[in-house]
Amino acid sequence: MFRHTSDLQFEAKPEKPDALYAMKLQELIGGAFGEMTVTMQYLFQGWNCRMEGKYKDLIMDIATEEIGHVEMIATMVGRLLEGAPDDVTAEAVKEPAVAAVVGGMNPQQAIVGGGGALPVDSAGTPWNGKYIVASGNLMADFRANVAAESQGRLQTARLYHMTDDPGVKAMLQFNLARDTVHQNEWLAAIEQLQEDGLEGPVAPDDLFEEENQAHARTHWHLSDGGEADQGPWASGQAPDGRHSFEYMADPAALGGKASAPAPRPHQYVTSR
Amino acid sequence: MFRHTSDLQFEAKPEKPDALYAMKLQELIGGAFGEMTVTMQYLFQGWNCRMEGKYKDLIMDIATEEIGHVEMIATMVGRLLEGAPDDVTAEAVKEPAVAAVVGGMNPQQAIVGGGGALPVDSAGTPWNGKYIVASGNLMADFRANVAAESQGRLQTARLYHMTDDPGVKAMLQFNLARDTVHQNEWLAAIEQLQEDGLEGPVAPDDLFEEENQAHARTHWHLSDGGEADQGPWASGQAPDGRHSFEYMADPAALGGKASAPAPRPHQYVTSR
Amino acid sequence: MFRHTSDLQFEAKPEKPDALYAMKLQELIGGAFGEMTVTMQYLFQGWNCRMEGKYKDLIMDIATEEIGHVEMIATMVGRLLEGAPDDVTAEAVKEPAVAAVVGGMNPQQAIVGGGGALPVDSAGTPWNGKYIVASGNLMADFRANVAAESQGRLQTARLYHMTDDPGVKAMLQFNLARDTVHQNEWLAAIEQLQEDGLEGPVAPDDLFEEENQAHARTHWHLSDGGEADQGPWASGQAPDGRHSFEYMADPAALGGKASAPAPRPHQYVTSR
Amino acid sequence: MFRHTSDLQFEAKPEKPDALYAMKLQELIGGAFGEMTVTMQYLFQGWNCRMEGKYKDLIMDIATEEIGHVEMIATMVGRLLEGAPDDVTAEAVKEPAVAAVVGGMNPQQAIVGGGGALPVDSAGTPWNGKYIVASGNLMADFRANVAAESQGRLQTARLYHMTDDPGVKAMLQFNLARDTVHQNEWLAAIEQLQEDGLEGPVAPDDLFEEENQAHARTHWHLSDGGEADQGPWASGQAPDGRHSFEYMADPAALGGKASAPAPRPHQYVTSR
Amino acid sequence: MFRHTSDLQFEAKPEKPDALYAMKLQELIGGAFGEMTVTMQYLFQGWNCRMEGKYKDLIMDIATEEIGHVEMIATMVGRLLEGAPDDVTAEAVKEPAVAAVVGGMNPQQAIVGGGGALPVDSAGTPWNGKYIVASGNLMADFRANVAAESQGRLQTARLYHMTDDPGVKAMLQFNLARDTVHQNEWLAAIEQLQEDGLEGPVAPDDLFEEENQAHARTHWHLSDGGEADQGPWASGQAPDGRHSFEYMADPAALGGKASAPAPRPHQYVTSR
Amino acid sequence: MFRHTSDLQFEAKPEKPDALYAMKLQELIGGAFGEMTVTMQYLFQGWNCRMEGKYKDLIMDIATEEIGHVEMIATMVGRLLEGAPDDVTAEAVKEPAVAAVVGGMNPQQAIVGGGGALPVDSAGTPWNGKYIVASGNLMADFRANVAAESQGRLQTARLYHMTDDPGVKAMLQFNLARDTVHQNEWLAAIEQLQEDGLEGPVAPDDLFEEENQAHARTHWHLSDGGEADQGPWASGQAPDGRHSFEYMADPAALGGKASAPAPRPHQYVTSR
């Protein structure tokens, strides 16, 4: 069960409105790596976590924080939209700066949201449940979490350079910091999973005898770039400590023809 | 530019058809972490890669291999669907084993695909472009690649236990092996990025002075589980070597009220 | 079965083209509360209606009118796009008013639609079947209809203020009027359902004995705003005439720990 | 900002697992009217609400409760999936009861979720942001809330009859009760909005002079059912107290031909 | 503007209910080539048609017929769902025939639709606006129409073999016939477009001087199958009467390296 | 299995960057008729093709070429985005030409893609698997291929007129040429299917005895345009050589009332 306090985790006050930036900032709300994603990803991971204790508690702490991040950025978007020139017709535009705003705003923030944030990204695409990952395997999921926080911090960093507003920048400095912490936390949790003997560096940590061992260490060179054999992935010991990489410079197909079986009667699939 | 050979990378012949399993195996074609995803993810990463050389060559080699994985699994699905009882009416079903198949098949594989594989997952949801990540930041992207191969191997391992067919198991043993190699390769590439001084453990490797430093190391305890302070993420040095974790046992909101600004005239937003 | 007449239900002639507005007006075609939604929502409600007679006839009359509304607005969009400057390159733009149009147009109306309306909303998102509601329960569905017409009139009102074109305004004045009528009609139908003894104020009108009666009247105060107890929802008789509201100022969780069960063997879900 | 307690709002313990029902219950998590929808709908409405005070506090209280409903049902789904026969091959099925389960389960709950709940509905379709409504106009939005709680209670009632499990029924009895309260609360809030003079029965409460008054009261009879004139929507005073309904038995189109304008050069639109 | 008559274009009465088939038949309502698609495709083509006269009249006649096809099949689906065993628990299933139905039904037809048709396909995926094509170029669009009616008749033919119900078969015999007529009509219209001198066999009928003429007749042999040179596409005159096909047995790439440009500062794209 | 060469099929070098055009050109990558669609459409058709030989070889040759088209256009988009003014704030805009770019760019190409191409269309909508057709019936599928190449060439032609850049125009001249060839090839293959006796002009080539013959030749005149009887579809022999068209000037509905059956108990569908 959850509780809510009306104060924001961190202040979200722009110095002045900026409807063009409000459109861009939607990426951090409803984008594939926005705050709705990490909120739902961590909530479902926490709810589906099979071990009581430190890992589940870690997940639920961060999940709960993330709901507040959606709130913080939605509040910022609403404030950036204050007084947006959404009823200015193109014909009335006399200034290039206004033209950029009138041409670039997301009209749905006005028509649908009445000047409020929407659960969409910076291109207006709605958030959807396929953005999240919650498999129950903590190694696989924590790696997805590191990846999500990395893309999140990257997008935040890009957005940081697209504004001069000190209020917006202050909030983004907080977001950058939280993305730094969260990357570090998931990285630490990945190390801990291995130290606790719960998972290994290849996820999931099983079926190594059953998998096709001849093909568990080879790099297939299938493009014609000349330097793929010059990285540590082409020779030497693999990160899992189990395999030695091998570079196949000119690999041949191992299977037979990619043919399809005879069709069923009455399927009207063309055949002789 | 690409070229194609008609032979499969590895054999994909089931001992006998199994329409129920054909539905499940679609997850590895059109699922969020299926072969269409890694194909498109690596292709776009390769095309958008800004450095000629070993990283780009690595990406393009694996990307090209993945197109062949879609082919391999699509061929297997087509063969598993051979003679599928898609025109058996429920009333005609006299055996529980047949009932399970008739009730569980994906009807679109027959009605739409004529007994062939579809670009959808095991629930029939179509693949979409939001499944892929190609940001141009190799650290952020390689982490997404490790995560994708981890989820992919996990799903393959689960599917491995859902069949007794030796032909299917042989193909999945190959897939498991390739997912092992690819996890190792992306992990090796992540290490190499750092050794080459291109990226650090926090992605992107910048803005550490600008980010809000007071909040770049704290864990906010916002759920009431008792053990989140017992992991390495709560104290000690963070994986980035820059920060020392700090556990905030009872953190207070730092921002003001989450209020929205006064609405525009003519937006008909309710207010006084 | 349907028949069509080539005349529009109401005139849809702009005084002059306006490609920027044509993009915005798409919201009323393919938006979540646009005319495609009410068309399909009322059609499916009518087809699935289980009682011959006045309710079904009401639904089918309005459904049939709505198809003509899609036609009317699609025609308007096509006319607003006449001569749109879709082949003007950015470099060639010398006027701010033109810049706003060139930057703000929906390129798909030109590239995909050849200057015609598309089944998308003002952000270019395609209409989809999840926008509609047709449950067979007329109370629940008529409430959804009131809600849809309310959002529809609201969006129309917002769009009304975004144009000065007398032809567009005339058509929108007609649309506003129809949304007024339709709101009134569905509200009247809701009252009638209750007068006819078919449904009560809580939908569906059953299971009042079975539902957990201790929790069928309480407001759980879970945010920290101070005034939620000052509305009629916090005390006094509820609109259904069955319950007395009760305000729980500091409610406690009633359930046990939100734990997940032990995983299956071979699912590779992390656990001890 | 939010906080979380590990106890569920209400107990969610099935007497025994039931993988087929776990698939159906997903409707209440990720369906168009499931708990994810009301959670996000109310959160965005609260964040975008322009008036501090009782309405915003009401919204945020219920929004916060709804996050806990997602948790409660996700926990139930996870427990219903315990020991699900997801690795039983069709061939091995000897009992009709098992056949129904093996054929009917959602394979993604196993393959993707590892036996946990997913952010999808009972057909496996992912939740998306277009399911929610937050326009800033409280009348329009509260009507959408009444509609959502009505569909939600209706679906819960249907699901209540699809199980015999006393633990599941106990939780659904709680959900039914909360849906009853929430319907009553939003209905009360709608009355209050009018009593407070903030909104009228037609939303939004404006543009009545501007709208086309000749068409703001007429029912267009466009289907051939014989009884649409026998309801209160065909004559007498409309619910808004402003208009008198009028039934048009054989209405004629008022507009001109639905023609499209001449195409642009180089659009290659077929014309003479 | 449209009018509706309550009688169906053709009878849609199953001899008896069949919930499993009701799920499959959804493909013809909300599938990519179902009746909702041809309805909306032809309506938008008609509304966007730039020439008054026979082509537009043809399109609008067929478009209007198609709305009635959605109605006809939706009615059939509702009747097939009569008395569907949607509240039978798996445990209660004693017969394989019932198991197939209980496992195979679409639960949303019960939970969401109350036993009515939904705007989704046979896998439960909602219909969406991207299924339709209306470009304004009649040659390109009529070809899409032939293709849609071909897929539609193919799916209808497949569904025809999946039922023994004489009532269902009678309706499908009507649908097959209409799909035959409509294929013939669009084919005739394609010939007429050319006879009228409006479009040629390559769409659009222009830019033949501008296009790269060296590459407007060559087949690039990029797979290793041995017989692609044995069809009429490899040599001889092309269907447009303008070009002679040429088979390139071992074509070489013509462009330079597929490299990406240097990144912008502050995009944090990995580069040296 | 596939192989890749680093050289592009054809050069893709703009004379200078153009971020506005880069957004538009996305239509040819991730649009419904973009290169991702034809790539996946032909690949799945080839993999599901049931006849070894010339048809399958034709399909796989073109499929493999299309992967290289995605690469070519993605490379072009990346180069058009070089130095895009994505961090220019609206306020800083002093020139109308810059305003058009700043307002019109796709922000996701910067925020998400780091200046690279995305798997989306010109409105930012992600590519999805429902865009493709692979039914196993070659006549139906080749018609879909002709339609796809027609829409593709049409969109390319429109885009050709939206730029003055000689490098972009050169690449589009190549694309136009390939779309010409591919249209010709699929048209030739359609003729060949008939010459080989594999399929007839109505797809699928069967069930002509079973289909309702009275309705397999009639045009239902359901709109009120006056000229639908003046085309070759209204009388004379149909293209299939089997039927004579007949024009029904005032057709009557043939079926009974479109009524829905009595609801199930406990579905709470409104009825008496």
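Letters A, B, C, D, E and F name the chains as they come in the text, with residue numbers starting at 1 for each one.
As a working rule, a contact is a pair of C-beta atoms (placed from the backbone, for glycine too) under 8 Å apart; a residue touches a chain by one contact, two chains touch by 3 or more.
No experiment lies behind these values; they were computed from the predicted model shown.
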| item | value |
| --- | --- |
| Chains in simultaneous contact with chain C and chain F | A, B, D, E |
| Chain at maximum distance from chain C, centres defined as averaged CA atoms | B |
| Identified repeat of the B-D interface (over half of residue pairs identical), from A-F, A-E or C-D | A-F |
| Same vs different contact residues, chain D with chain E, by half of numbers used | different |
| Centre-to-centre distance between chain F and chain B (centres being mean Cα positions), rounded to whole Å | 27 |
| For chain A paired with chain B, centre-to-centre distance based on mean C-alpha positions, whole Å | 11 |
| Approximate Å spacing (C-alpha centroids) for the pair chain D, chain F | 34 |
| Set of chain F residues in contact with two or more other chains | 1-9, 32, 47-48, 52, 55, 60, 63-64, 68, 71, 75, 78, 86-87, 96, 99-100, 102-104, 110, 112, 114-116, 120, 123-126, 128, 130, 135-137, 139, 154, 157-158, 161, 203-204, 206, 222-223, 225, 253, 255, 257-263, 266-269 |
| Touch-based graph of the chains, sorted into line, ring, star, complete or other | complete |
| Complex contact set, residues of chain A against chain B | 5-13, 32, 52-58, 60-61, 63-65, 68, 71-72, 75, 78-79, 81-84, 86-87, 110, 114-116, 125, 128, 130-131, 133, 135, 137, 139-140, 143-144, 146-147, 150-151, 153-154, 157, 160, 170, 173-174, 176-178, 180-181, 183-185, 187-189, 191-192, 201-204, 206-208, 210-223, 225-228, 230-233, 238-240, 243, 245, 253-264, 266-269 |
| Complex interface listing, chain A residues touching chain D | 1-9, 30, 36, 40, 43-44, 47-48, 60, 63-65, 67-68, 70-71, 74-75, 78, 112-120, 126-130, 132, 134-137 |
| Chain D residues within the chain B interface of the complex | 1-6, 47-52, 55, 86-87, 89-96, 98-100, 102-108, 110-112, 114, 120, 123-126, 135-139, 193, 198-199, 203-206 |
| Residue numbers on chain C that touch chain B, as the complex places them | 154, 157-158, 161, 266-268 |
| Residues of chain E defined as touching chain B within the complex | 18, 20-21, 23-24, 27, 31-32, 96-97, 99-104, 121-125, 154-155, 158-159, 161-164, 222-225, 253, 255, 257-263, 267-272 |
